[in-house]
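Multiple structures are listed underneath, in structure tokens.
Shared between the two complexes below is chain A, which has chain B as its partner in the first and chain C in the second.
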Partner chain A sequence: MKCRKCGGAAVLELRRHNVAFCAPDFLEFFRKQVSEAVRRHRMFTRDEAVLLAVSGGKDSLALWDVLIEAGYKTTGLYLDLGIYDYSKESHAKCEAFAADRGAALLTVSVEQEVGAPIPEVRAVTRRPTCSACGLSKRYLMNKAALDHGFPVVATGHNLDDEAATLFGSVLHWQTEPLARQSPALPSTHPKLVRRVKPLYRLSELETAAYAFLRGIDYIVEECPFARGATSLMHKEILNRLEEASPGAKHNFLYGFLEKARPAFERVAEVELHECARCGQVTTGTVCAFCKLADQVKRAR
Partner chain B sequence: MKVVLRHPKREVEVVGRRRVKDLLKELDILPGTVLVIRGSELLTTDAMVGEDDVIEVRPVISGGGA
Partner chain C sequence: MKCRKCGGAAVLELRRHNVAFCAPDFLEFFRKQVSEAVRRHRMFTRDEAVLLAVSGGKDSLALWDVLIEAGYKTTGLYLDLGIYDYSKESHAKCEAFAADRGAALLTVSVEQEVGAPIPEVRAVTRRPTCSACGLSKRYLMNKAALDHGFPVVATGHNLDDEAATLFGSVLHWQTEPLARQSPALPSTHPKLVRRVKPLYRLSELETAAYAFLRGIDYIVEECPFARGATSLMHKEILNRLEEASPGAKHNFLYGFLEKARPAFERVAEVELHECARCGQVTTGTVCAFCKLADQVKRAR
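Here is the complex of A and B:
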């Protein structure tokens, strides 16, 4: 297989674009997709301090690498979920990455903030593990950004993540999540920072290839609680569609963002309040994070 | 050739030269869901792999998330 740009030996075929690239041309393609995402959705400028949530996995570390190379002011945020060796190893990967590049890394412990590490939260709540974990992560990312004065949080969600989330929301016609699903969510309250996903134009295969070709030492092992997660089942279904019809995931996500999302956004305007307990933003009186922490406290 | 698979990490022996796409088909793996690695090289699906190769088939799918 030959590189579409230079005719050299290709290392990666991108069937949805009907091209193959050699390593240098693929890396250039990847960086351009990130800068196009940042530009198109006005995610952040070079003068803004960006808090980047890093897990030690391929996506967040690939994104951090691109943003550092492009001269953005980034600080990593590692949320220590307390998931046995998996968390220890992923934290070590983030620390090594940051140390190599002289980048700043903040660490927040879920155990300290929620009252128990994720395996214990899992045991005492009836929520699916990924749901309690996701809720905690979103809350703590926003809180860390506010506490340290960052106007924006970036995450490493890729095209596959976004397509799978969309698929799940559509299956249940969850209109509020559909209205909120976007590569860039503006701050709609003084205590809610902007949230952006600069990798939404790139597939998991592409982020993994970028990380590999850049020699990034990321955690390949999966979270032990991810097995059986609904989002993985949705990814598998979408990957089967993609195999039969390259570009299916891309068209599904981009079509939604361009044509369908504005309709959901119009009907889903909600009023935001400050949580009576912690002061963070919620649609109710007490936020879901405080309710989760209460549940953990009662069970201990 | 030796093929290293993940989740869980394990090795299988595969006999004979073939293209990466045929290897993945035999292993029942969708090509868009893995990196196929030989040493420091990424292989495309039309690349030939042979007897003395050690091939890592590394999944790219991250799980979980709410």
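Here is the complex of A and C:
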């Protein structure tokens, strides 16, 4: 296999693009996909302070690496979920990464904010584990950005993540999540910062290869609570489709963004208010995060 | 397991409905689902002549059985695809079924109409096998209905078929097929008859159980060309989702029809003309069927 660009020995084949690359040209390809995402969806400029949610995994650290290299003003945000050793190790990876590069890292503790660490939240709420955790993370990312004056939060969601989320929403035709599924969500309220996903054009395999080739030390384990999660089954199904027809995930996600999403945007228009309790944005009177925190408090 | 209705011994559990039935109550349930489909989508009345496409398989013969029992005016339409023994056997099943019940059966030969039987059409066209065959069948069903004065064609597509078709369209976000995916397509042109699918509320397992319990003699083999078809992979995937979460197919299809289809209908509006060659309906100048027949003629 030869590198499509330089003709040298390739280290990686990207079947969905029908190309192979040597290590330097793959890294170049990867960076270009990130800048293409940022440019196409006007995610942020070099003058803006970007808050980047980092988990210690390959995706968010690969993204941080690319953004730092490209000269963007980034600050890491680590949300400490309090999930035993998993959280300790992933925090350590983020701290080491930031220290190596002289980058700033904010840490927010879920235990302090919600009233209990995720394992306890999980026991208290009837929601599926990943649902209560995802809700808390989205809330705390936005809060941290508002508290520290960041206009935008970036996350490390990749093509596989986005395709799996879309797949789950489509199986139930959840029109609100479908309308919100986008690489770049604008701020639709003064208390809601922009949310962007600069890795949406890159697969999980590609971010893993990037992290490996760049020598990034990341946590390999998945969250222990993710086992059996529906999103993992959806990822397996999409991998099977991708295997049978390279580009399947890509076509599924991009096709949605181009051809179907506009139809759902028209359907779902919601009104946003400030939560009577915390002042953050909600569609109801009290936001889902405050309700969750109440539930945790009552159970303690 | 007890029958939900009579409390007797159940023979069949329907996990997605969370019920079990004895044989007579299952047959009753099955018939009710068909009448519910007919009623809800105003498919046809007892005064209308219905042309029912029959393949000799469990679905179309089960449907014919239900419609005859319910007193509808049906005529069977067998499309002879010329696929070796498979076609001979399936034709024989249809003829025996019709003779047993004193029902009328029309037979149309693909070889006569297209110029060659499907195995030869398959060799000539670059389309995937099922695509050329599907195109020919849709064309010939409509033509037979027009030629013999039927206002409506019914087919035996079941829930699994419909969910798999939807799945395929969604993976590529094919907006035109999405807009056309419906249990009942109205006539949008004087030369286009209505098309209806009275089994869309019943799964493949349910039609198989109905055919078995009613002692219907149907052809069990699948079409020999279907092997490896993408639609079969999609059915497998949907079966896996159904296994993990009973009702998944049902929710996927019904959710689409209720919540998403209206959005696509608005997007896709096409203008219909009469084909310059055969006079049937097309979006272009010469219809796809005439083009296919030309291709077959040139190759001979």
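Following the convention adopted for this analysis, the second predicted complex is superposed on the first by the 300 of 300 C-alpha atoms of A that agree within 3 Å, B and C clash if a C-alpha of one lies under 4 Å from a C-alpha of the other, contacts with A are read in each partner's own complex, and residues count from 1 in each chain.
Here, a contact is a pair of C-beta atoms (placed from the backbone, for glycine too) under 8 Å apart; a residue touches a chain by one contact, two chains touch by 3 or more.
If you're wondering where the values come from, they're calculated on a predicted model, not measured in any experiment.
Set against each other, chain B and chain C touch different numbers of residues in chain A, with B touching more. In the superposed model, A:Asn251 makes contact with chain C only, not with chain B. In the superposition on chain A, contact is made by A:Val170 with chain C only, not with chain B.
In the superposition on chain A, A:Arg240 makes contact with both chain B and chain C. Looking at the shared chain after the overlay, A:Ala263 reaches chain C, while chain B stays out of its contact range.
Using the contact criterion defined above for the overlaid structures, shared-chain residue A:Asp59 touches chain B, although it does not reach chain C.
Of the two partner chains placed by the overlay, only chain B lies in contact with A:Phe225; chain C stays clear of it.
Residues 240 of chain A are contacted both by chain B in one complex and by chain C in the other. Here chain B touches chain A in the complex through residues 6-7, 30-33, 35, 37, 41-47, 58-66, going by the rule given at the top.
Chain contact summary for the complex, chain A toward chain B: residues 1, 10-13, 15, 20, 23, 57-59, 128-131, 133-135, 160-161, 165, 203-205, 207-209, 212-213, 220-223, 225-227, 229, 231-232, 235, 239-240, 242-243.
Within the complex formed with chain A, the residues of chain C that make contact are 170-173, 175, 230, 233, 237, 240-241, 244-245, 248, 251-252, 255-256, 258-260, 263-264, 266-267.
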